[in-house]
Amino acid sequence: MAKIRAGVLGATGAVGQRFIEQLWDHPWFELTSLAASERSAGKKYREAARWRLEHELPSEVAEMTVVNVDPKEVEADVVFSALPADEAKKVEADFAKAGFAVASNASAYRAEPDVPLMIPECNADHLGLVEVQQKKRGWDGYIVTNPNCTTIMFALTLKPLMPMDIQRVIVASMQAVSGAGYEGVPSMAILGNIIPFISGEEEKVEREAQKVLGTFDGDRIVDAPFAVSASCHRVPVMDGHTEAIWAEMATDPTPEEVREAFLSFNPGLGDLPTEPKRPIIVRDEPDRPQPRLDRNAGKGMAVSVGRIREGIRYIVMGHNTVRGAAGASVLNAEILSKKGML
Amino acid sequence: MAKIRAGVLGATGAVGQRFIEQLWDHPWFELTSLAASERSAGKKYREAARWRLEHELPSEVAEMTVVNVDPKEVEADVVFSALPADEAKKVEADFAKAGFAVASNASAYRAEPDVPLMIPECNADHLGLVEVQQKKRGWDGYIVTNPNCTTIMFALTLKPLMPMDIQRVIVASMQAVSGAGYEGVPSMAILGNIIPFISGEEEKVEREAQKVLGTFDGDRIVDAPFAVSASCHRVPVMDGHTEAIWAEMATDPTPEEVREAFLSFNPGLGDLPTEPKRPIIVRDEPDRPQPRLDRNAGKGMAVSVGRIREGIRYIVMGHNTVRGAAGASVLNAEILSKKGML
Amino acid sequence: MAKIRAGVLGATGAVGQRFIEQLWDHPWFELTSLAASERSAGKKYREAARWRLEHELPSEVAEMTVVNVDPKEVEADVVFSALPADEAKKVEADFAKAGFAVASNASAYRAEPDVPLMIPECNADHLGLVEVQQKKRGWDGYIVTNPNCTTIMFALTLKPLMPMDIQRVIVASMQAVSGAGYEGVPSMAILGNIIPFISGEEEKVEREAQKVLGTFDGDRIVDAPFAVSASCHRVPVMDGHTEAIWAEMATDPTPEEVREAFLSFNPGLGDLPTEPKRPIIVRDEPDRPQPRLDRNAGKGMAVSVGRIREGIRYIVMGHNTVRGAAGASVLNAEILSKKGML
Amino acid sequence: MAKIRAGVLGATGAVGQRFIEQLWDHPWFELTSLAASERSAGKKYREAARWRLEHELPSEVAEMTVVNVDPKEVEADVVFSALPADEAKKVEADFAKAGFAVASNASAYRAEPDVPLMIPECNADHLGLVEVQQKKRGWDGYIVTNPNCTTIMFALTLKPLMPMDIQRVIVASMQAVSGAGYEGVPSMAILGNIIPFISGEEEKVEREAQKVLGTFDGDRIVDAPFAVSASCHRVPVMDGHTEAIWAEMATDPTPEEVREAFLSFNPGLGDLPTEPKRPIIVRDEPDRPQPRLDRNAGKGMAVSVGRIREGIRYIVMGHNTVRGAAGASVLNAEILSKKGML
């Protein structure tokens, strides 16, 4: 079977590099196009980007020529967008209009009522919105988005708790610096320090989970009926967002019942290549999960929970640039492929 | 006026060193006795202790001879206890029985109904318990305690909110490593990492604030009628505990009303030497307070709040080994002195 | 072919855990015995050890029963020693006497004239000492050691420079905390700090390289005739020792000649399982090697060099608990196996 | 006595802020002018700059109006330059021509033969160059520079060793992130990592000490006749450069003789306000100096040495943005003032 041609928009930045890492030996996708700003276009990728990841860049990727972020220059069936939100608004529409499937990690379209905000283990049926989107906008292609990195971690854990009738969720996050991009957090700001503020983050966290866990009624998403209150903090950790969660539920479950719900959660997507064996790993040690030890669980695609206590309180931790960004978009594209939408 | 003679119990450890730093040039107290374990007793302090603080140990302290933790060997009017909880139980009672005023940072007696759990700005009137304590136990001296470091930060901020009828408090802490003592947190555990667990901490945090903010009815403390739910996390920060607080109040105040309450909080203890000009400093910048920038505010005795948002949510940060430990006990002793109890 | 039975002495500590990680799916060795102190003996390994590595402990290892560090209780053809130096002196001799091959990471026997101090890429022929050792001591088994972690990194890079007639070597090390064991460096000592002292380290560094690069004359090692001067520093890095090296050579080579010597270094051990494709990787970027990016090169068994400048000065960096400890002993055992000595 | 009017050029950046901190309550100087780029000019300082230091910005400074970096807009007798090297070349000349004394931390003029490169404790007599400079260039004012931060630390320690006939100096530095400016080192680059490269640093370190320790012959400086070889590394430390030094001396002194030379070093500048009581502090503990404990010695103006060993090897550590930058220029201006040159 021929591989699906994949492009990356914004290929030189931190999330763009994670996309390339996820895609360079992907069994279904073939990296055919790397697009970046004018400054980079025309250069070899190795000249255009300063590679920052531990895994050595394969030479076949290093030698690819970067193209402009322009539908006419990109050859691909699906494009992965690591663009900043302001650019993404116009560019992703251009690509969708031109017939591309756009799997976007940008926030630009997440709140649009006709654009799926996807975590495949939670709401694969929201893909029904694609038809609504294409009809409404007259696009040949379409846009599918994934939530903000902080949202993904706890939203995934709320899915198996939905039958317990969630009323309210409180999230205190301790977020890794990689979430802000390579130049995002100066070392003088964060060494031995906490910054109790991440611009725009709490707003995203407070509105995205309800859409992800909402119900598709054939035409639109009816938001899940709980409120989220967030406090987001930057910590001196390289990768891995840790979140302390309070989930108030009408059925007042015990910690053991919540643990069982996590353990028995089996979304059964059907062997997508980057789907972890278990999307939620339960750690029973008293001091887990921890970013350093648990962020690469399930190749960075599983989230780990622990310390499930009365309240209900628990900790969730996941890799913010894999499960929380590039890996999330790739998993979205895999479910698109499986459903024959690419 | 002659200075009050002060001793330190457990003088060689991390909190003991902070006690010495608080006391060596104190205007009211004179450091007369340093007590530590048998291993140290009989040695010069500079031989017994490995000094870990930035401020150079004055030579007059360095040359003091360490004595045993024994009321017969300690010459002082007030002793400051930096003992571990298990030792403190017996030893502090011995000292109180022998007529010493004991200002303790240990947790051993905090929950005892006849022992004040003091933050002078919150509950100086709880000192009335001392008489109850002496009568009940037949002691010539007495014990006064201060809360756990994490409790002190947010309890202080709850005091001015009490008129707003607090129903429930949620605390997510990001705690500095110095809270665990010098050998407490291995670097391999915490470098670039978060440990989402601190043994016994959440239990303390969940029960101490209600006593501090309770009412003394002449005989006992009636706990303040709110619940506290905590999740405590260790972060790679040297000094300064940061806490994200959600405070639900029946009167549903606006963030601006809460800010005003913080700003107008003036406990007026009357110029105690280590009392900060303002116990609560309000930071209006979007990204403050931060441990590195704010922990030494008010010489480490003020707490800083910021990001007061709907919910009510806010951030509080304070120096855990000054305001949260040694400085707290010293301030307790100062109020004792002012009230003529030393 | 039946696998060679391997035991680990000191299996619960930091280096012991790295040994287990190196051995649990090794193609030639089979983990048959885990030995630790009396406190651990008799317990399942998962109960005796607190597993600290990112790779999840396989359940077949977790369920192994720990035995005492006693030749009578250990079933193995080769034992890997992660014992502290003081214990190692007696215990390793006991095992060698009892017929075991001992591949030791401890410093106890490194300086003994009849014990090989091995880096297989440098001095595989020093294994001739084994016969000398057995004859002299009357042992059925024998001990083979590897150098200190800091020595291994630069000694490996000196091997290809030996023809240039090395006169003097200066080493300034920046060493990761994992080299001191899990409890070795308190976070309060090292967070945002440098400790310019590591007990005993400079002495080891200054005497080991000359033996490794010395000549076996059939009976004993004639030390290589250069002097080493070291200054060793602890830095807040988890894994990976970085070393700034000045190597003065009589032939006064250019940086380019040194680079060529590194690049063409091919010790040709013959496909040992953990032997990296290239033991020395040359990084030509201006700011490499770096611990975070390069420590896992060659699965942690390659060292990376960069910034080769006039002087001759260069940087070398390697994984201190893999190439510098457990992996070093395992590679030693592999060459023993290849030479039919197991 | 009226205070000397002082301006800061480049007042909003990291070094500019340290200048302000050094000057706001200086006994001899009065902060009269804050100059920065066009973007800032015309704004209040508190609006133009994001204050990053722990000491709260005094309101009288916060309310000052920033002016352009233009001699016509700056009112001052002496200006302190925190400009980047490329800007400094032209701007400092403009100010010197217009009659200002310029105390510069920039590298632009350090190597000019007629510009003093000053460490007052080392070479106050080099101020004789000012007359040469003014005559040669026809300036009413003049420029005096201080060395690079890394140079200052070890050059200061070499001064008392000069009688021992220094032949060669090797420097391996471990430099704090604050040396690169607030945005200079991304946290993703340095958290838990070492970067073995600082652009242009080794070149500066290798040529500046010889000039500082050279001899003024009435007309020019004759460089001190030793060679310096440096390897510079960035480490995850906020403030404080640590340097491992090898100093080869013809007289082959013992470590004890070197220690005595450091201890008896008394440059006797005569009570300049920021002059530390001892410019070189000798630490006899085995593991000092350390940045966290020693950087603020002498209010950040002393350097601390330790671990003096055969070789001669030792460690020197000092505060890079105080002694190594802003404080160095201020001390230069103090000696100018004392000599009646302001």
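Think of it as A, B, C and D in the order they're written, each chain with its own count starting at 1.
Everything that follows uses one rule, which is that a residue touches a chain if its C-beta (ideal position, glycine included) is under 8 Å from a C-beta of that chain, and two chains touch if they have at least 3 such contacts.
Protein names from UniProt, one per chain: A, B, C, D = aspartate-semialdehyde dehydrogenase.
Predicted, not measured: the structure shown is a model, and the values here were computed from it.
K.L.:
Taking chain B out of the count, group the remaining chains by whether they are connected through touching.
P.N.:
one piece
K.L.:
Using mean Cα positions as chain centres, tell me which chain lies farthest from chain B.
P.N.:
It is C whose centre lies farthest from that of chain B.
K.L.:
Roughly how far is chain B from chain D, going centre to centre by Cα mean, in whole Å?
P.N.:
41
K.L.:
So what's the Cα centroid distance for chain C and chain D, whole Å?
P.N.:
Averaging C-alpha atoms per chain gives centres 42 Å apart.
K.L.:
Taking each chain's centre as its mean C-alpha position, how far apart are chain B and chain C in Å?
P.N.:
Using C-alpha averages as centres, the distance is 47 Å.
K.L.:
Of all the residues in chain B, which ones touch at least 2 other chains?
P.N.:
Answer for chain B, listing residues that touch two or more other chains: 52, 191-192, 236-238, 292-293.
K.L.:
For chain B, which residues are in contact with chain D within the complex?
P.N.:
Checking each residue of chain B against chain D gives 52, 54, 191-192, 238, 292-293, 296.
K.L.:
Which of the residues in chain A end up touching chain B in this complex?
P.N.:
Spelled out, the residues of chain A in touch with chain B are 170, 172, 174, 192-197, 199, 229, 231, 233, 235-238, 242, 244, 246, 286-293, 306-307, 311, 313, 315, 317.
K.L.:
Mind pulling up the chain C residues that touch chain B in the complex?
P.N.:
Result: residues 14, 52, 177-178, 182-192, 236-238 of chain C touch chain B.
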